[in-house]
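Please go over the structures that come below.
Shared between the two complexes below is chain A, which pairs with chain B and chain C, respectively.
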Partner chain A sequence: MTGTSFRLEDRPLRNAAPPNPGRRLDPRPGEVIDRSAPLSFTWNGRPAQGFEGDTIVSALAASGVRVFSRSLKYHRPRGLLTASFHDPGCLVQVDDEPNVRGAHRRVEAGMRVSAQNAWPSLRFDVKAANQLVGRFLGPGFYYKTFIAPERLWPAYESVLKRFAAGGRASAEPSHDSYDKRYAHVDVLVAGGGPAGMAAAVAAAAVGASVMLVEEEYELGGHLRWGGKRELDLLAEQRAAVDASPGIEVLTNSVVTARYDDNWMAVLQRSVFPGVRERLVKARATTVVVAAGLIERPYVFAGNDLPGVMLSTAARRLVNLWAVKPGTRAVVFSANAEGDAAAADLEDAGVEITRLVDARRGENIVRALAARHGAARRTGLSAVELGDGSIVECDLLVTAIGWTAPTSLLNMAGDRPVYDPTAARFRPGDGLPDSVFVTGGLLGDGTVDELVAHGSDVGRAAAARSDARSVRQDRSDRAAGADDDAGPARPAPLPVVPHPALFRSTTHGIVDYSEDVSSKDLIGAAHEGYESVELLKRFTTVTMGSAQGKLETVNAVAVLAEATGRTIGETGTTVWRPPYAPMSLGALAGRQFEPVRRSPMQGWHEAHGARPLVAGAWIRPDHYGDPEAEVRNVRTNVGIIDVTPLGKLDLRGPDVPLLLNLLYVNKWSKLAEGAVRYGVMCGDDGVVFDDGVTGHLGPDHYVMSTTSSGAEAVLNLVEHVLATDHPEWRIHVTPVVGDYASINVAGPDSRALLGRLAPELDLSPGAFAYMQVRSATIAGVTGCFTWRIGFTGELSYELHVPADRGLHVWEALLDTGRDLGCAPFGVEAQRIMRLEKGHLIVGQDSDGLTSAYAAGLDWLVKPDKTDFLGKPELAWVAERGGPTAQLVGLQPVDGTLVPPEGCQLVEGTTIVGRITSSRMSPTLGRSIGLGYVDRRLASAGTVVSVRLPDGTETPVTVMADLAHFDPEGRRLRA
Partner chain B sequence: MKAAAGGAVAGALGVPFGAARDAGDGVLAVGSGPGEWLLLGPAGAGPALVERWRAEPDDGLVTVLDATAGRTVLRIDGPASTAALAKVCGVDLAAADGSAVRTSVARVPALVVRDGDGFLVVGERSYGEYLAGALLDAGAEFGLVRERST
Partner chain C sequence: MILVPCPHCGPRNASEFRYLGEERARPDPVAATPPEWRQYLYRRTNPAGWTTETWHHSSGCRAFLTVERHTVTNEIRSCTVAGAHT
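Presenting the complex of A and B:
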């Protein structure tokens, strides 16, 4: 047997320079490697060499490596097939990154590359035993065998997992990230081959903005591995692209999807160091699809042996990376590209032992593996031809036709049709007028004809995009009048007849990624899976890493053969996004987590505040001891940053009408200088938000909302004003960010504020509870303050221009030092409001809590003409009120704090729940709020709380929601 | 500033929704919504601007608020500013000088104004640090650096 090339693989790779003498050819005119830049990496732990510009696989192939992975199911050795991104046998592990496309990813110095799917090693893969029992492992084997008995599945699973495909995902978080960007272009060109480049240049020449997307690292498509004419044209076209400032070129990128109105998803790979992939969300007025053609493998016995490859793979190896793919070759050719491959190989010093010409009816039957020596069963040694002769070789190149990657056309609504003359699918007539096709995807021609057609299409796409933008901008859009405007679509390219070759007389692999053979497909068809969609799901054909690009048409052809139908009658499966596999990281993209900070947040952090994340806001939860903060407010004075409170500036004569509609209580007679508490309900009568609104001046009000409800309330107000009552003269402006808000609370708050606002008469008669005043505070003009009391203490809420917030905050602390003034956080405030029995919307209410259930009967005014939620609340009242009631609760054992959310039970029946629960530093006992069935809601009733550990403890229903100062003497002081 | 879209104030400003223009004295007038404008003036110009526009002939209801303390204004400048901003903002940024859009920047509501080679990004004050950080992050690949405002 021809030995040397096989054994090379098993020898340690040598460290000598120049690297890889074995199979590296003398410089080629179109090569993409930089011979002055050698680099070292490792392959399965052993040193390996390549050049800048090499892919992982081209570098290894230059050292004579032939086997890059083991196949998914049967663990058959796999080598190069396409030498491109889609090569199914070249998925490798690179450092902590699994499933790297080794035939696409460029090699980098220091990369640690290893083979996947091989255990314990690539050479001695014990799972290759699967291929010995292959005939028992047909499609559906796992479904059928391991489905019963179900209780044994965990045992099956633990064994089967060892056989699972893919690399190893790292348990460590990756240091790399993923990115996203948006783009808006006139023309997006998918594919940077001769037709695509010509289209981009022609479109840019007439002023269009163009995005040109190429899957490989360089523009050029098949020109890159062509002869002199192709390389000259390539240089010419690249220069033209470079000279067009209107073209943005994205290489190593792929258009993965087309959605409505040309929303194009473009995946950019290896964007810059540290960013693996970037999703470009591009909106293109018109799209030119110039995706080219993908060479189709031939189905025959042994077609997946290392050493069997496509003609494009051979030409790419020779011409791009100067790698000699073998020493003795058989070339099976049905077209000019196959003949060119034979010429290239010969030029590279490969002996062409036989050119098998399909156009003369010649055929190949099977590829034979080496039976002896180190390369046993891992590589090609001979080919059996249709005439029965056996030809020894270590390379078999097939050129039997093409698959049209119509994916983007399908996504645009087209139904490509099978053309028996061209032996491939071609675009149908269902494309929208904003999507164009050119190049090999459309038809055949010389490179010059392809370029000429590309130019025509580029111009048409640019003109159409112009027509569309003009139409979109025009305000007097005449209905449909100019839908047909714009230039006509250039005539399609003709096709050259091509023999239809799919399968030889033997059976072979159809789907290399999923290890599905033609025999499997025929067997499945005989089992009744005659629909191509069912066949796909049953056998998993086309569902692997190549995603149908190599195997779809062969699968359809085999199914057609099995069912006696034509390919056209059989049809294809649906091409869905993404066109090429992409990482979940790219879909997730950049993570944006907006953070809002009050002007005093820096101060809080510098003073030991424990942060509380409340929606987008970062707030101080406490400064170390929330219970001490409570005691200080109850005895001295404390200040809290309440900037996140929603604030709406309302102006205009009709504001009272709006307030009357939004709130359940009455607002028509709120005097200037007064504030009022209000509750809003949805149309369903459920509590939606609460807060106070103050009447600051003539036709001027400020509404406060909960922090979390600020946006929803603004939306509601704008909705009411825009749709329900456009006649109301009201201007609403959100002013959350305009004011820093500080609540000054405690018995000494009056004394403290008096020092900073000497001009303000704070005497209880002049500035009573629930009043608002404009003020100058600590020298800051433009402030207002209202006297309210969420904590239950005498308190003033100051609203000062945000840029002066920190100044006022520090002035309060400085001036109030002798009064014991100290900051308090959200936790202390929550304790105090619970002592006072104030509900928090969203904590002590939920999506089903009506205003009546929340104990707001005193507020709801059903005699008002209208307000949001009135009909529903009237209905609740008519039915005798809500079934459950918000009540104050106190555990009989005052040292016990039942967790919030605990259920109140009566035997095995749930009769309520606890919504708020804390230890009260003021009362020295635990207190709570909760809902209880109405029949149990009277004061003094004792009900049981079921604790998380399953035990029960009694709690007493209180007469008031407030546990402390129910009369409100303190806040009215 | 809010006033009737077709009224006297609108006429005096001469800038519709979606556009911005130099209103003299270093003031940029931006049509930030239908019947809504944002005036960006030099530091300290707020009170005078409020006086000036409150004195306009009555259009019905006119509201003029000094929003100086409530906004964060970032300026991103340079040939790569469009590419950098396109990483955090989904609208077509290739618009003409003086166009203005209300949009989302890094998931935060913002007003984006094309101003010469660069953009003004106007957001709510509390988002200021976050927005600046998000823009610097987006612009890192283009060498975006932070400069103090003057």
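Presenting the complex of A and C:
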């Protein structure tokens, strides 16, 4: 004995369930377990048994386990409440998967199941001491207590984290995968109960393609735990569904969201082994919502004690899993479901000690916990009734009404309306005509009436779907309203009067997942949180794992009571997607990210290239030593794969008009065989893209763009041609993938290319800088090459039919071996263009950089009648130029490379920034580009750079953007 | 996700399209005053109601479309090929 008040039975080792085989009943007619398939698993490390078809919790309940978790805040023991997916007390850890819905997930052989939110054990939980200080832990406690001082936030966090609910997320990658699927159906039916099945069968019968989605493992809804009449109907309906080839049935799946135009998110669970979840994105022409009803708990003292459960939970345990939920029961009933539960329990051998009938004004006041014995403090022992009598029992079943899960209707634009007769919210009249409702969600009726209504709705949904498809196929598909959209909506189901029961005379738990009591809600209302949306956010009521399915209406009722309003006046919270929880894995799906590779990428990888992800492309960053690659280009010759460059083939007599509009410079007189560099701006004067365009032949041009801008430039060109100038005779074709592009750069590039293109006259007079020639290269016809110089060297950019790219690449290396020809990567190119002071759009410019600021004054021709951005650029010029200017920068300490993005400062004032910086292997010192205020932009000015460590270092503003060969003698060689 | 009734391709997911915003006329670049030009660049009426906008069927037929859409209900009442020639 420990000498403390905790007794031996509270110690962790005693946590395991005592075997109690007597809880499993004799076979039931509707049971879903396979008694010929027993299986073993573990619960908190101890062996446990179940049958195929059991849920984790039904298997455990069958062996007498009553406590499955500890509650979020007060760590109160929690047992079965709903015996369904949304059971708030049945979240468990399964192997490495936390927060598994134990009352839904089927048990599997070898599963290791353990309780969550209990430390050190389920039976003895030190945090249950929170119950003793509960009055200090009211709503807003954490907000109010841990707000100051701010410097203690990290300390608060580390302590509070241990009090957070939830299981243990594994740090290991999941072995399972997640999937995605797209579906197109005429009619999607959400809910596979009697009305949903009837709707699906009726829609399929008239030829509609139907997707029938059921949250549980089998179709049937509440028929499954009903009596003979219900089971006979269930068999009949299942046979009809099976006989309908037009119905695709998804079980253990849930329609979790509805978006515009019936874009439906369907989450499919346990799709097949290895695929844990799959998100089906279904476009449904019409949707039938047949979500049924969710039973609502009653608020009274002790309503969360293990042993207190809803009537549907009792019926499901008895009829689906043949589990006896207790031995002596009190049933509090306000409806036929409660009466049926009492009958089922009696049939299962449970002694009904009292049927408390709410319809006769009888009530229950509180549930009392056991004071001694095995269930001490953790289980129900008696119920205090409205007449003051106390009845001993170990099971209290309540049946006090329903919540209509109007979630999908809300997402379709409908607002539910409170119906005092039915004592529940019901669908409003705000549904689009492509969304239908049937079944218990809509109204009351016998199962036969529900089936009949479901059939009517199914037929109407199919007809509406048909009408919409026809309309969409007609040429005026977008013009009409839905006046021809099929038959009228079937009349709604009526409702039968139901007692309005929400809270007894005592206070109890409203939100089981968040541990929010009716007392908390009333207190919050008195603090001023009188709007249901504010109350929700302040107290977190409805924000736990059940997401309002069990507790919203009770919360609204308690708020209504506290504020003296009716439930209708109080209103309800809005249901938003997702209706049911889904993993991030399901949202991400299987990775599908297209990657583009040049025809030479395999060669690069085989030759040690470090890959660089550049937009959609994988490119060689370098082959080991980028500085050596720079030196080789500067002294010998190198080749680089520039295939990702954007390339547009432009043909037609009006191409010069297009070029003149797109580029800031002049294009009318670009001679055949010539190439020109151009810069494009947006109409806001901001630099948008740059590149060269060559005049290849009569009415034939090729425009190159930056790699990242290829798509945007194509879009722009098409937009101009389609909308602004449809009269221009121009044909545009994107040809990025048609050509492999190789830049041959270095003093020996002429010699190298001469060996492979002997017919091409490469002499400086015949093929000058900024000219283009069609050519046959290494035997490959259909090539063209232009002499440009991004690297600052004599260079030829070869554009080769893509399928011959690797051949030409290898031919260049073979033929140029004696010249020292070697490949270079993107990093070496970036160093060399920086040495040369060539800007990269997007790196040395941003969303505010005008063409003037980027040092392109020489290019802008304001005397042109029009080009994109002309007025803005003209006004920049009128104001005397941009406020900041792109300049070449060199740190005074040439060994130091200030990182890109560093700010230039004058005291505490920011006067510029560094956009590019590298160590120059050619100059042996650090170099850069950056923006400085105009007044500091003159050559020789020294400004300070603030380095990431907070220190400052001086840099000198240079006369030229180019640090190397500013006159361009090398590239014109 | 809304469906855009492309005149060439039929109803297609909005994710196939690029949204270019409210349709607007480019003022004469020579005559426009700075306020007029900036109105064109930056100002949108952004109504809660019917609006005429340009969509680009970039992952489809690549047509530029003039779409009349209700910004509250997302209803599309007309969708035609932009530009003069059809």
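We take it that the second predicted complex is superposed on the first by the 819 of 973 C-alpha atoms of A that agree within 3 Å, B and C clash if a C-alpha of one lies under 4 Å from a C-alpha of the other, contacts with A are read in each partner's own complex, and residues count from 1 in each chain.
Note that in this section a residue touches a chain if its C-beta (ideal position, glycine included) is under 8 Å from a C-beta of that chain, and two chains touch if they have at least 3 such contacts.
Given the structure is predicted, the values throughout are model-derived calculations rather than measurements.
Visitor: Determine, under the contact definition given at the top, whether A:183 touches first (chain B), second (chain C), both, or neither.
Guide: In the superposition, A:183 contacts chain B only.
Visitor: Can A:283 be said to touch chain B (first), chain C (second), both, or neither?
Guide: After superposition on chain A, A:283 lies in contact with both partners, chain B and chain C.
Visitor: Answer with first, second, both or neither: which of chain B and chain C does A:875 touch in the superposed model?
Guide: second
Visitor: Going by the contact rule stated at the top, is it chain B or chain C that touches a larger number of residues on chain A?
Guide: B
Visitor: Let me test your reading of the model: by the given contact rule, A:651 touches which partner, first (chain B), second (chain C), both or neither?
Guide: First partner only, chain B.
Visitor: Pick one for A:597: touches chain B only (first), chain C only (second), both, or neither.
Guide: It touches chain B, and chain C stays clear.
Visitor: Based on the superposed arrangement, let me know which partner A:671 touches: chain B (first), chain C (second), both, or neither?
Guide: neither
Visitor: Output check: A:260 vs chain B and chain C. Expected answer is one of first, second, both, neither. What do you get?
Guide: Only chain C; A:260 stays clear of chain B.
Visitor: Report for A:726: first if it touches chain B alone, second if chain C alone, otherwise both or neither.
Guide: second
Visitor: After overlaying the two complexes on chain A, where does the chain B footprint on chain A coincide with the chain C footprint?
Guide: Residues common to the chain A contacts of chain C and of chain B are 283, listed in rising order.
Visitor: Please name which positions on chain C make contact with chain A in the complex.
Guide: 1-3, 5, 10-11, 13, 18, 20, 26, 29-30, 32, 34, 37, 40-41, 54, 56, 58, 62-64, 74, 76-79, 82-85
Visitor: Where on chain A does chain C make contact in their complex?
Guide: 259-261, 263, 283, 472-473, 477-479, 683-684, 715, 718-719, 722-724, 726-727, 865-866, 870-872, 875
Visitor: Help me check something: in the complex, which residues belonging to chain B touch chain A?
Guide: Those residues of chain B that touch chain A are 2, 60-61, 63, 65-71, 83, 86-94, 106-108, 124-130, 134, 137, 141.
Visitor: Would you pull the chain A residues touching chain B in the complex into a rising list?
Guide: 179-184, 209, 271-272, 275, 281, 283, 590, 592, 594-599, 617, 643-644, 649, 651-653, 729-731, 733, 735-739, 782, 801-804
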